[in-house]
Amino acid sequence: MTALLWIRDLSVRYRHDGVEVPALKGISLDVKAGERLAIIGESGSGKSTLALAVAGLLARGAVIAGTIEWSARQLQESHSVTPERQPSAVDGNQTPLLGRDIGFVFQDPSSSLDPVMPVGRQIAEVVRTHLKLSWRDSCTKAKTLLERIRLPHPDSAFHTYPHQLSGGQKQRVAIAAAIAAGPKLLIADEATSALDTIVQAEIVALIRRLVAEDGMTLLFISHDIALAAALADRIVVLRHGELIELGETDQILNAPRHAYTRALLDAHLGLDAEPLLDRRGASA
Amino acid sequence: MSRLRRFFRTPEAIVGALILALLAAMALAAPLLFPGDPQAIAGPALLPPFQDWSLPLGTDRLGRDVLAELFHGARTSLAVGLAAAAAALLIGAVVGTLAGFAGGLVGEVLMRITDAFQTVPSFLLALAFVSVVGPSLGVVVTAIALGAWTGPARVARAEVLSIRERDYVAGARVVGMHPLEIAFREVLPNALPPVLALSSVIVAAAILTEAALSFLGLGDPNRVTWGGMIAEGRTVLRTAPFLSVVPGIALVLTVLGVYLAGEGVVESTAVRRSLS
Amino acid sequence: MSVLAVSNLAKRYHRGGKPFAAVDDVSFEIGPAETLALAGPSGSGKSTIARLVLRLIEPDAGRIDFEGADFLALSGAALRARRARLQMVFQDPLAAFNPRATVARVLDDPLRIHGLASRAERPRHIAALLERVGLDPALAARAIHEISGGQRQRVAIARAIATRPSLIVLDEAVSALDVSVRAQILELLLDLQRQERIAYLFISHDLGVIRAVAHRVVILDAGRIAESGDARAVIVNPQSAIGKALVAATPRLTRNRP
């Protein structure tokens, strides 16, 4: 597999009250084109910072060192309709455009959707902006997208407002908007954390299907190792801004090299883990 | 301390603080620099400014020292402005907190009372109150506060309504805290910042209202006030305009200083809020 | 005898003019030192039940007996006094405390309100409570917003046990915590239950956590009880549609264990 992007020695520090706090320390990794890569870690691990850095969404106060290089060929393949591209001044590589080349799904769909615009129009706006289609064609494409994310009543869904939808439905719309322009990379940053178990499973299934259908590369950011394992081909484990371990999902689960990865796996309370009540009963 | 630094970051805040500091210094220094009665006769009547250096701003119709009156007037203006604003904020915060926290019938009744006060123009209310009770410093303060507490009450109520729903208020109930303690110890302190942001407007309005009352002869007759000085100078406006202009400028500068400093406070707390 | 007995509890809300039942004819009991879990998707009524049981909101119908007495009959000072025996830990420990509070003040409140210690004795009690939940007593002087999420949840537990309750409602109390911290907090809760015989009403959407700590589980769907029973038996073999859906949706870690 060829790489979609190369992250080399990436460090990010945030300025907070005049003090610089490191969020990422010298991360290097390749994201292969078409793979589903999960980035897991606990709070403060830097997983969201990494997602934002890849999307070029870091706050202006962030101090960034290192490089993120994108494969020009991989980006070109994704869009035949957009010939004009600005070479980046820094590394001579092509700069991907958020929305067109990168789709980003946030944890809270309410904050990424416009509360006073019907959801169909919001998606159509993305289509028109990035694919330079007519408003009519954009609306048609938006309707197709609403069908693909399987909202109930896709015809009337075009005219509904975000507040009329449930949390899971809003997240579906946010995903539709993220993939509307046919991005090469989809980043889901804790996209299911605010949802209950059943809706979470539905959204994960939706992401899996859409990524497969469109041949997208997926960056799946999560604190939940089991959820990540169910979706990803490879897993990156971060802790305190450092890359602890990177490997195939199977290897991470069954032969973790790092003690921290093992601790994360052992701390997971699944439906097959030994209940704490019993452990206690045995020891007491 | 970083809060203080943030406050002094804007030029408006610096100018406002300087004006207020000057005013406070005038008020504090008045009895030291002009120990006698400012209403006593100090020289010939209607002496223009900059003629006699023992009476730099001249004298009024009765031969009273204008500079001494100006200094002592600063005391009255500041005292009345601050006391009335403090009273208005206190009444407003308490009524707003009770109305927001109690809700139901109590809340409705309190807010209708607030409406009633708000529909009467505050200056007319103060005028009527002083006319009936009689002019004295305490009455003037009360009269001004009566017309000014409704704004803080509304803001406090809106803030309390949102804070009331937070988990920590539920937590305080679960711990068994008395509703009044929850309202005044847990909720009110967190509802105060937007209420205090109103204080500069209220202080400025109170100072102006006091001046207007004094101008109409409803101020405390035993104290020198800027409003009273302007009224006094009005009869000789053509021949000795400085008698009205000097206290007028003092009034304008004071209100300007209060506004600017208030802006600075709001600005610095806004930065704090957006950071957290 | 049960610590808490809830029967035919109901709470209706109006949404867009239409009445809808947040909680509908719910009955359950919790015995001493028992953990009963309430599970279900969002909107199933879990948190509403927690708030009804704590009298933070009032039910439209039903009965709540706490320690053998009618809990809904209490009001005013009698209710506040009774609250000492029935405590709560919230999901977000930062939102659960006054943003201006210090650790000491948070723990001082229950001791002062219920007259459990004189002013002079309280610092010693606070230090003992902090040690009880595995925290350094020196933390007492710190502001709530200065300590970590895990420490905050320990402080929340310390506040809950300060009045020696017989029942603590844990509303998604470990859902916002990192997995490593979560394990420690669950261990602490089990420790306290064993030593002080506290019953827990454990509200969670996570069947893995419920299976780890709960004796029995009640699965809710749209305000009604879908099924209930021994926690492990229900999770291994759910009978209701919603129980099956919850189990199927729970992410599994398929490891080839040695």
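For reference, chains read A, B and C in written order, and residue numbers begin at 1 within each chain.
To be clear about the criterion, a contact is a pair of C-beta atoms (placed from the backbone, for glycine too) under 8 Å apart; a residue touches a chain by one contact, two chains touch by 3 or more.
The shown structure was predicted, so the numbers you read here are calculated from the model rather than taken from an experiment.
In summary, the chains found to touch both chain A and chain B are C.
The busiest chain interface, judged by C-beta pairs in contact, is A-C. At the centre of the protein atoms shown, by the Cα-centroid criterion, sits C. Chain centres were defined as the mean of their Cα atoms; on that basis the chain farthest from chain C turns out to be B. Chain B has its Cα centroid 54 Å from the Cα centroid of chain A.
The distance from the centre of chain B to the centre of chain C, with each centre set as the mean of the Cα atoms, comes to 49 Å. Distance from the chain A centre to the chain C centre is 33 Å, each centre being the mean of its Cα atoms. For chain C in complex with chain B, the touching residues are 51, 54, 56, 80-81, 83-84, 86-88, 90, 92, 95-100, 109-110, 113-114, 159, 163. Residues 41-42, 149, 178-180, 182-183, 186-187, 190, 194, 205-209, 211-213, 215, 232, 235, 245-256 of chain C are the ones that touch chain A when the two sit in their complex. On the chain A side of its complex with chain C, the touching residues are 42-43, 167, 195-202, 223-227, 229-230, 253-254, 263-265, 267-273, 275-277, 280, 284.
Touching chain C in their complex are the following residues of chain B: 166-168, 170-178, 186, 189-190.
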